[in-house]
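Some structures to go through are shown next.
Next come two complexes built around chain A: one with chain B, the other with chain C.
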Partner chain A sequence: MTELLSVSNLRLYYRTTKGVVKAVDDVSFNINRGETLAIVGESGCGKSSLSKAIIRLLPRNVHTYEGKVLLNGTDLMSMDEETFRKEVRWRKISMVFQGALNALNPVLKVGYQVAEPLIIHMGIKEKEAIERAKEILVKLGLSEEFAERYPFELSGGMKQRAVIAMALITSPDLIILDEPTSALDVITQANIMNMLKELKKSREQTFIFITHDISVASELADKVATMYAGQIVEIAPADTFYEEPLHPYTQKLMKSVPTLRRDKTLESIPGAPPNLIDPPSGCRFHPRCERAMDICRKEDPPIFERGHSVKCWLYR
Partner chain B sequence: MVLLKVEKLKKWFPMKKGIFGKTLYVRAVENVSFELERREAVSLVGESGSGKTTLGKTILRLYEPTDGNIFFDGKDITRLSNKELMWYRRQTGIVQQDPYGSLAPHFTIYKILEEPLIIHGVSKEERREKIYSILNEVRLPPEEFAFKYPHMLSGGQLQRVAIARAMILDPKLIIADEPVSMLDASVRVEILNLFAELQRRHDMSVIYITHDLSTTRYFSEKIFIMYAGHIVERAPTKEILNNPLHPYTRALFNAIPDPDPENRLRMREVPPGEPPSLVNPPPGCRFKPRCPIATSKCDEEPPEYEVFSGHFVKCWYPK
Partner chain C sequence: MSVSEYTLKGIFKELMRYKSALVGLAILAFLVILSLYALIFTPYSQAGEIWNDQNRWLAYPRNAAPEWYNFFSSKKLPPSILIGEGLPNHESEEVERNGYRVITYLDSFTYNYDDFPSELVLLINTTYFGSPPTVKVYWVKPSGEELNLSTYRPRNISESIYISNNIMLERELEEYAIDKLGFTPNYTITIPVALFMEYKGEPTAMKGNYKFKVEVTLYNRSDTFSYRLLMHGKVYGIAGTDIYRRPLELGLIWGAPVALSFGIVASVTITFVQLIFAAISGYYGGKVDSLIQRLTEIYMILPFLPFVVMISLLYGLDIWRLLLIIIVLSIFGTSVKTYRVWVMQLKTSPYVEAAIAYGASNLRIITLYILPRILPPVVPSLVLSIPSYVFLEAALAILGLSDPKVVSWGRIIEEAFAGGAVYKGYYHWVLIPSAMLILTAISFALIGLALDRIVNPRLREM
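Presenting the complex of A and B:
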């Protein structure tokens, strides 16, 4: 398998009135072509910021934006905004934003909106682009006539398909899915996941799948990363990630997730995630960690390779 | 002992539309009957638009029932006037989904909790006592939290305030509408455990409304499954989790993933399509258009069969 995306030491800090928020702090990972990496974490852990740092859609109050991002070997961070917009965003990397299904333009037909990336980013003529949009809609289980409809005529699940179609239409190398099903009902979610699994197989599509839900992550992920307080604390192949998580935070997270098919005792994680302006010294999880040692309070752990990449002193 | 008895309850919302100005109705709840025992916790499970919130609010008389009857403690409360309802309000409480939206932002926590006590004429000393004791029970130390404002609290803490408010008049019944769906997984468990503990300690009955079947086993003795305004299956929790019978319940089960890396290798068997419009629902069984085993018989509304003791299924082919 060839490497598609390689991210190293990525940082994204925001300036706020209360101080500098370290939303993404020294994050590194890579993804092979055709692979899906799920990034799981609780709200405020920086997972959406990470995706925005990759597709480079940044708010005005950026304080620090640095690191290395290689797509197919091309260095994206050294590109100026104009080149990035023309050559990368939407053409090579597209994104399904959280809640995007509710952000469709109510006065434009769905077909046009799905076709828009082709018209704007690839310079394809509207008529041809809409034809392509129809093809994609059909592939995603909607019929051609949906192109002629307006968003209000569609259900949540249909709108989500349309939004995914939009991300897919330019045949990008990488699609970032940010909570693509969290607003949907479970049966609709299952239908969307089936569709994404199909895309993974038929097009060898590469995904970054961002979710707060460890169960849903397992629907698509070949690799899973746990994010905590702006950092990736564990990353591993799905099989061992679920069977034997190593980082104490991942372990706790697993124990807090209810399961339908078997009974287990649920545990909560005491305390709350730290604020990202002044994160705890050493390991950021140490104030909530039962197994914290002296060194955890003092020194930031490096990443240890134990089959999993795990940022924890226990695996020294 | 039965606390709440619901008989053929119906709630339709009028919608002024249609040709010749004919009034159409959203048939949100139809023909719902069940009993709730004292101290019993029941989960009402359904997808969005299934009518579960409407059912909850109609039971609390926050909506006027269109038809049917509601008995509480043996008393028919279906058509009580607003004045008579004061008594019922004291017996019942509600916890809503969004704690950010359901607590007044310009009130301190103390004031939020005091409001229902003032309305029900509780004296000043007693109010203080009650507020402090309930805050301790939901594990928000009053010295620290009583005079804070909602925006100073986290989502989990706010939901504890919402629970405290629902409980402050010692109700016999609480309806909790998706109380944890906006919270992170780690906080969710804490709130559910706390709620279960309070329910037992205060001998309350609880209807827990949720779309998330996997949290129900930790909380309730019975599960009711709702689809498009009907309760299609109800049974003791363990029974339904081991032996779901209604085709819709089975579809729901198939759709929900547990954390399992094998998931990525298999497709889920789920019905295509979406729930029907409640303005113009299919006649008979409302799941028929999506049901893999439907026949022409399903154009008639199926009765509720008691397949095993306490396990009811509203389906012509319940096995």
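Presenting the complex of A and C:
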């Protein structure tokens, strides 16, 4: 398997009136072609910022944006904004947004919107592009007539499919799915997940799947990364991740997942996620960690390899 | 708020449900038809010239009230009456006396009004060799008295004789009337009064059958002669006439396209330029934003009216240059700030972010994603601001900054003030053009308010 995306030492800091928010702090990982990497973590841990840093969709108040992002060996960080827009966005990397239900322009017809990346990037004529959009909508289980409808006429699941169709239409190398099923009911969620699995198999599509829901991530992921306070604390192949997570934070996360019809007290993690403006010294998880040691308070742990990568002093 | 109603068709359909909007649309349709009529039958470039040409309006009475004035007044005012050649009740008899042709014409007409005509004009067409014909004019009142209206010798082929301006005749007739009355009345006896009066203390017209007699002596066999008598009335047409005899209805019709186009062009251009500035300012932010916002603030402080007055006084602008100045002075208005806020709000919405992610260009995002969303709430304010520009044009005209080559409602009002219409009692001259301005305002206000109710979610009726 060839390496598709390699991210190393990626940093994204925001400037706010209260100080610098270290939303993504020294993140490294890589993904092979056809693989799916799930990134899990609590709200506010920097998952969405990471996805935005990869597709370079930055707000105005960026303080630091640095690191190395290689896609197929091409350095994305050295590209200027205009080249990046034309060459990378949607041609190479596309994205399904968090809150995809609002990601459609209410005044444009669905078919036209799904076709829009083709019109913009491939210079394909509107009519042909809309035909291709219809094909892809049909593949995703929406009938052709929906192309002629406006977004408000579609249900949540249909909109989600349309948004995924939009991400697929240019056949990008990488699709970032940012909480694609969070706002949907379980049946629709299952539907969409099955569809994504099908896509993964048939097209050998590479995904980065960002979610706060570990159980949903297990459906699709080949590798799972846990993010905490702007850092990736553990990356493991899916099987080991769910069977024997190493990092205390991941372990806690696993215990907080509800199980159907089994009497189990759900565990929560005491305390709140740390403030990213002034993160705790040493290991960022230590104030909430039951197994914290002296060294945890003082020194930031490096990444240890114990079958897979984990960023914890326990595995020294 | 569903989106289907944001299509043009949807909004229009919704609009038809409001009765007030229907009334507004009806008035607007009337104004548009008036404008089209004006533009089709009198090219815009000629209207002003015709209006300014005083010789064109001689056949109209001076300062006549509108005809419908009679419905509201117990004292009936006469319209213009024309008698003579080619009109009914015109008889002639030719005899030869001393070898000359002597023709006696007799016209009769019925007069049933309470007031007097304003002027009497004898329009003569004649051809002659050598000596011009001698025209003796007589007047027979219903009471049977015959008055001699003097003798005239027309020297031109076509000549207008203002009988009512003949001072000698006026004095004679006045003496005759005072003689008949037995006292000097407290009203002035002008020629029309003397010719039509009942001999009473109050000025009232004698009703009944009048006769107009003309005795012409032609000194050559081949000489020809014909005449018409025009008695200018005191009512005319739908809107009356002004001091220069111009029928105001024509001025009002010719003013309609000017008012509508001035208001609509100003409002639409200003709104769209403001929208574009707001979109650039809100979308790009940073230095461009600061520049546009500071400019807007400077513009907000500049006194608008004194600026317009100063510029048009200095440069003597015609109406379309004036419009341009108004547009230039308004494009950085307060609305730029309002629209900018909307743009900034939309800019952070998920679908705009998505569009940025899939590589839509800035231009595309502004035109396809942002502007269509802020357009609906902008349209009502656009419609509502049209009358203010119509009024502005009128206000500038009243300040004496009107374009003398263009007929506009404001200019008619200004001329009315200059002509002393209000204190002389020619109310129609001021009130009718003012009513047109108000009608225009009401029309756009009704449409605009209904539109506002449709597209503004806070005002929606549940």
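General observations
Heads up, the rule we're going with is that the second predicted complex is superposed on the first by the 313 of 316 C-alpha atoms of A that agree within 3 Å, B and C clash if a C-alpha of one lies under 4 Å from a C-alpha of the other, contacts with A are read in each partner's own complex, and residues count from 1 in each chain.
By definition in this document, a residue touches a chain if its C-beta (ideal position, glycine included) is under 8 Å from a C-beta of that chain, and two chains touch if they have at least 3 such contacts.
From a predicted model like this one, the values you see are computed outputs, not experimental measurements.
On the shared subunit chain A, the superposed partners chain B and chain C are arranged side by side without overlap. When the shared chain is aligned, chain C comes close enough to touch A:Ile120, but chain B does not. Of the two partner chains placed by the overlay, only chain C lies in contact with A:Arg89; chain B stays clear of it. With both structures placed on the common chain, the touch criterion links A:Ala23 to neither chain B nor chain C. Of the two partner chains placed around the shared chain by superposition, neither chain B nor chain C is touched by A:Val233. Once both structures are fitted onto chain A, a short way to say it is that chain B and chain C open up an angle of 80° at chain A, using Cα centres and rounding to the nearest 10. For the pair chain B and chain C, the minimum alpha-carbon spacing after aligning on chain A is 10 Å. Shared contact residues of chain A, touching chain B in one structure and chain C in the other, are absent. For chain B in complex with chain A, the residues that touch the partner chain are 47-48, 154, 156, 184-190, 192-193, 211-215, 217-218, 241, 251-261, 263-264, 267-268, 270-272, 274. Remark: chain A residues 55, 57, 60, 85-86, 89-91, 94-95, 97-100, 102-108, 116-117, 120-121, 150-152, 163, 166 touch chain C in the complex. Interface residues of chain A facing chain B in the complex, by the touch rule stated above, are 36, 42-43, 155, 157, 185-191, 193-194, 197-198, 212-222, 238-239, 241-243, 252-254, 256-263, 266-269, 272. Across the complex, chain C meets chain A through its residues 2-4, 6, 285-286, 349-351, 353-361, 364, 368-369, 372-373.
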